[in-house]
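Quick heads-up: structures coming right below.
You will see two complexes here that share subunit A, one where it goes with subunit B and one where it goes with subunit C.
Entry: the complex of A and B
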């Protein structure tokens, strides 16, 4: 009975949401406080009901109610509790329910943002609710999570063992918060198109929502890449896989949007561009959902795909992107922009160039993702586009972005007033040049390695220089902690932290891409393998039983300069319920790099095949992503009223 | 009036329109057409049918302890094995053709990853042309047969060898141009 309650709750929510949409459209011209109140209450009820329904589904997973189709297909009584819970979103139906839950939560939170003017707010809630009802219809008609089975199975089929992992338990929720969070800025844009009301306040209200979504996307993507790094056992962290691209494109666009909306907040220019970017960002999120969920692209990540649902998603896409674009076509020429000019050397130009390059980069990723499909549809040729394409197209486009990222914060609005501007650039160039030479002397690698490493140094120095000069200009002496906080609230520390994150990330990429070394060995128990200054001793190999798997575990001792460092235990796990095997790499992470050890096939007579990677600075990749997210959070805090009123 | 319509503002809409158009074509091809499946030749052509037991499902008397489909019964005659599923849209398209086919040859249906009640409803709605129906709950039988997706149809000759495989729904044109010529030859 309990699952039926969840189903009924969803049906009721769908009816309420649909009713809200009609009510909103009917009262489009006069958004009184009554209308707002109705929409607010509706959003609250939607959120509560979907939340309850999600709790019920989670409850069914925890209690292993195998009369539900998705529970019997994705869970098992022997699975640890945390993976029973993460099993809720480890499948198509459950992940959509999570999507809708997050959407209703965002709608609920934004509906109480009364600082927004009422006509705009009504339309924002209206657009959000419209998307909500479309997705609820999708769930109810094509992918009902509460579907029962005819024949009750004795036990479930289990969750794909690759997905039974703490990194991946959190990856989809974070990514979805990012995807769905972009719906808010989308609704802001559509509401502006509908009501024609757009001003600096619009941008000010919208910016935190974009930043929240952007932070969640950053962390979500980083978690996914971290999972791929240690779980798939290939030693790589980014594969330019279509599903990864699907999450990366909204990230790139929302990065452009975060920067662009700052201009709009200062003065009323680039209105159309900001609106278009907001629509695009969410469109790419929808495209991400579409790509992963429809089976349009087949990839290693397509764990839950089904082509028959594609048509429905295409309809949702058609409505939720097509209609705003029609509105854009009609309305976008009617906005009044400020008449204001700016120099070539100014913050506006820098952000404009940043936007230009970021959107071009997104386009190259989009082409790389869709081109194989396009070719297949036209003449049946099957091609796959790999890192070679992206290294040749994406990397050169992003390089100028990083170059600019270091110097743009020196610039002021409208025109350059910094007298030391040329000096700072000279300083940056010298430091970067010296750093490059040092890098070259340390270990000679390709030109690209040098360029990538130098870019990281350039950006790092740039951010530090900017910070120091800001402190100098302020001429403050920090006598107590309050003064320090006051100063911090004056400068945009979030920007610095996020940009430092990019520099750290780049350093990690340089280390991982260009300075890593790989060893393939076949060794018996007792053998010693030497890799550079380190050496590995093969101690033993044994069978061990886990909670829902059997494991073949090898034990190695790692020595560096003949000193004991650590034990390494790579595993091969066999999951009897799912009849599948996973490779658990043994990774010793340190600040300066990882030792990554994978156990392959073999036996005690002929030896075991081993793959060992030395990955310098690899953890900086995810560390950098964390810095970026923290920078985003800082900038939200700084822009909140508490700090503005200090 | 400030409503000066700029043609450039329609650009995003136009681009989007083409992307949707293109996606529809791809989806349509994924659903209906099976060129990609056809291009992959079956490894089983000219070989004996896989020796895997197929549990028979009796849709009139469910309680009967179902045994396995016995292919020896069809020795010395040409017969058809058709993988289908109630959840598969193209199977509905080919249902009338399978009906036609069953007038000439015995057709054995294998319900792929299907639920009993759904299959029963499917047969009620679209007719039951099958001599016997087996079920493949886990999808293992389909793997043995090298099935790419449903629907998929195999022609088996008098010696029990697979002589022809058709991936995807059999359209009337396929029936006329591919099945009938093969049958005439034999």
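Entry: the complex of A and C
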């Protein structure tokens, strides 16, 4: 009976949400405090009920209640507890429930953001609730997670072993917080279009929500890439797979949005552009969710789909993207912008160019992702577009963004007042030039390696230079924690940390892309393989039983300059329940790089095939992403009203 | 810069950037697209010309008892149950590579042999690459349920 309760809770929530929408539209012209209160209470109830329903589903997974269809299809009694829980969102229905849970949580939190004026707030909650009811309808009519099976199976079919991984347990929730978080700025934008009210405060209230979503998206994408790196056993971290692109596009757009909304906070220009970006960011999130889930694009992420879902998805996409865009074309000309001017050399210009290039870069990714589908539909040609395309389009468009990122923070609003501006640029150029020469002398690689490495040095120097000059200007003494926050707010530490993150990321990319080395060997037990200054001794190979798999595990000893470093244990695992095999690479991570060892097929007679990678600086890729996210969190703290006006 | 000139300035850079981006995209699309063929299509289209410069993908089933290991190389036939193409591959094979399994290989077609630089097979026994499934359906040899 308990699962039925979960289902009933969803039905009740759907009714309440639908009622709220009607109530909101009816009271569109007069948003009194009563209306707000009603919407707030509704959001609270929606959140609680969906949460309860989610708990019930999770409980069914933990207790292996195989009378539920999705539990029997995606779980197994022998699975470790954490993967029973992550199995909740390892399937279509459960992941949608997680989606609406996060949406209802965001709606609930934003509904108590009473600093927003009441007409706007009512519409923001209204739009959020409208999206919520659309998705609840989608769940109830096509993807009920609480559906029962006709015949009770003895045991479940298990979860795809590739997905049984701690990194991946967290990847979907983080990504979803990012995707769904962008619904808030979307609602801000639609609410502004509906009410016609937009001011600097609108931008100020909206920014932390975008930043939260952006941070979660950054971490979510980084987790996914990290998982691909250590679990797939190909040694790569980004494959320009359509599914990766689907999460990357909202990230690019929301990055543009974070920057653009800062202009609007200062003065009322680029209103239309900001609104358009907000709508686009969430549209890309929706597209991302569905591109992945629809099975339109094939990958481990795609869950089987049926046509009725496809139609429903199109309707939801049509309403949530089409209607706001129509509203936009009608209303966007009616906003009054400030008549102020700014110089070409100013922060406004820099952010404008940043936005232009980021959206253009998104366009190249979008075309690369959709072109194969387009060609298939037109003439049935099956094509795939790989990294080569993106290296030729995305990379050259992003390079100017990084160039600008280093020097834009020197600039002031409206016009340049920094007397040392040219001096600073000279300094950056000299440091980058010297760094480039050093890089070239260390190990001669392609011109692209040199460009990528130099960009990292350029950005790194730029951020540090700016940080030092901001600290000098700030002249704040701090004895307690509050003053410390005033200080970081004054020097805008969040920006520096996030930008340093990009520099670290680029250094990682340079190392991994251009300086890595790969070795393919066939070796027997007892053999020694030498790779540069390191050597690997093949100790033994044996069969070992795991909780729900059998493993063939090899043991190697890694020496560097003939000194013992560590044991490495690559595995091949066989999961009998799921009848599938996975490769577990052995990875020794260090600050300066990874040793990555994969066990291939073979036998004791002819030897085992082995793949070994030396990946310099590879962990900086994810380290850089962490810095970006921390920078985002810092910027939320430093822009909270407590610390802003000092 | 007053709003009038600002508009001009913005329009100019937008046009320039988009123009540049379009150029880049068109160039990249021309050079870097990887076409997919089944063995039958491949032989029909390029069987006589022998060589194709660009990388292509070929998909089908690994022909039963055709897999041979020659030192570091693996040689096997890939089939759509109509025609076969010989594939030569010198990398390490994916976990689920076995005879009768649907796979996709990427590489170069030269002298009627396919020299693969990459062999992709998904990590699930029941999984069939959709391109392969389509091709098999076309030849009426598809047995599984649709995915």
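The criterion applied here is as follows: the second predicted complex is superposed on the first by the 622 of 646 C-alpha atoms of A that agree within 3 Å, B and C clash if a C-alpha of one lies under 4 Å from a C-alpha of the other, contacts with A are read in each partner's own complex, and residues count from 1 in each chain.
Definition applied: a residue touches a chain if its C-beta (ideal position, glycine included) is under 8 Å from a C-beta of that chain, and two chains touch if they have at least 3 such contacts.
All values derive from a computational prediction rather than experimental measurement.
Chemist: Where does A:325 make contact in the superposed view: on subunit B (first), on subunit C (second), on both, or on neither?
Modeler: In the superposition, A:325 touches subunit B alone.
Chemist: Could you figure out whether subunit B or subunit C reaches more residues of subunit A?
Modeler: Answer, by number of touched residues of subunit A: C.
Chemist: When the two structures are overlaid on chain A, which partner does A:342 contact: first (subunit B), second (subunit C), both, or neither?
Modeler: second
Chemist: According to the stated criteria, A:636 is in contact with first (subunit B), second (subunit C), both, or neither; which is it?
Modeler: neither
Chemist: After superposition on the shared chain, which partner residues are touched by A:388: those of subunit B (first), subunit C (second), both, or neither?
Modeler: Second partner only, subunit C.
Chemist: In the overlaid three-chain picture, which partner chain does A:311 touch, first (subunit B) or second (subunit C), both, or neither?
Modeler: first
Chemist: Once chain A of both complexes is superposed, is A:149 in touch with subunit B (first), subunit C (second), both, or neither?
Modeler: first
Chemist: Let me test your reading of the model: by the given contact rule, A:609 touches which partner, first (subunit B), second (subunit C), both or neither?
Modeler: After superposing on A, A:609 lies in contact with subunit C but is clear of subunit B.
Chemist: Report, in rising order, the residues of subunit A that make contact with subunit B in one complex and with subunit C in the other.
Modeler: After superposing on chain A, subunit A residues 295, 382 contact both subunit B and subunit C.
Chemist: Can you list the subunit A residues touching subunit B in their complex?
Modeler: Within the complex, subunit A contacts subunit B at residues 149-151, 272, 276, 279-280, 283, 294-296, 307-308, 310-311, 314, 317-318, 321-322, 325-326, 328-330, 332-334, 336, 370, 373-374, 376-377, 380, 382.
Chemist: Show which residues of subunit A lie in contact with subunit C when the two form their complex.
Modeler: Residues of subunit A touching subunit C: 160-162, 295, 298, 300, 304, 339, 341-344, 352-353, 356-357, 360, 363-364, 367, 371, 381-386, 388-389, 392-393, 396-397, 520, 522, 572, 578-583, 598, 600-601, 609, 611.
Chemist: Considering only the defined contacts, which subunit B positions touch subunit A in the complex?
Modeler: 2-6, 9-10, 12-13, 16-17, 19-20, 22-27, 29-31, 35-36, 39, 87, 89, 115-117
Chemist: Where on subunit C does subunit A make contact in their complex?
Modeler: Its residues touching subunit A are 1-3, 6, 9-10, 13-14, 17-18, 21, 24-25, 27-29, 31-37, 57, 72, 91-93, 95-96, 122-125, 129-131, 134, 147.
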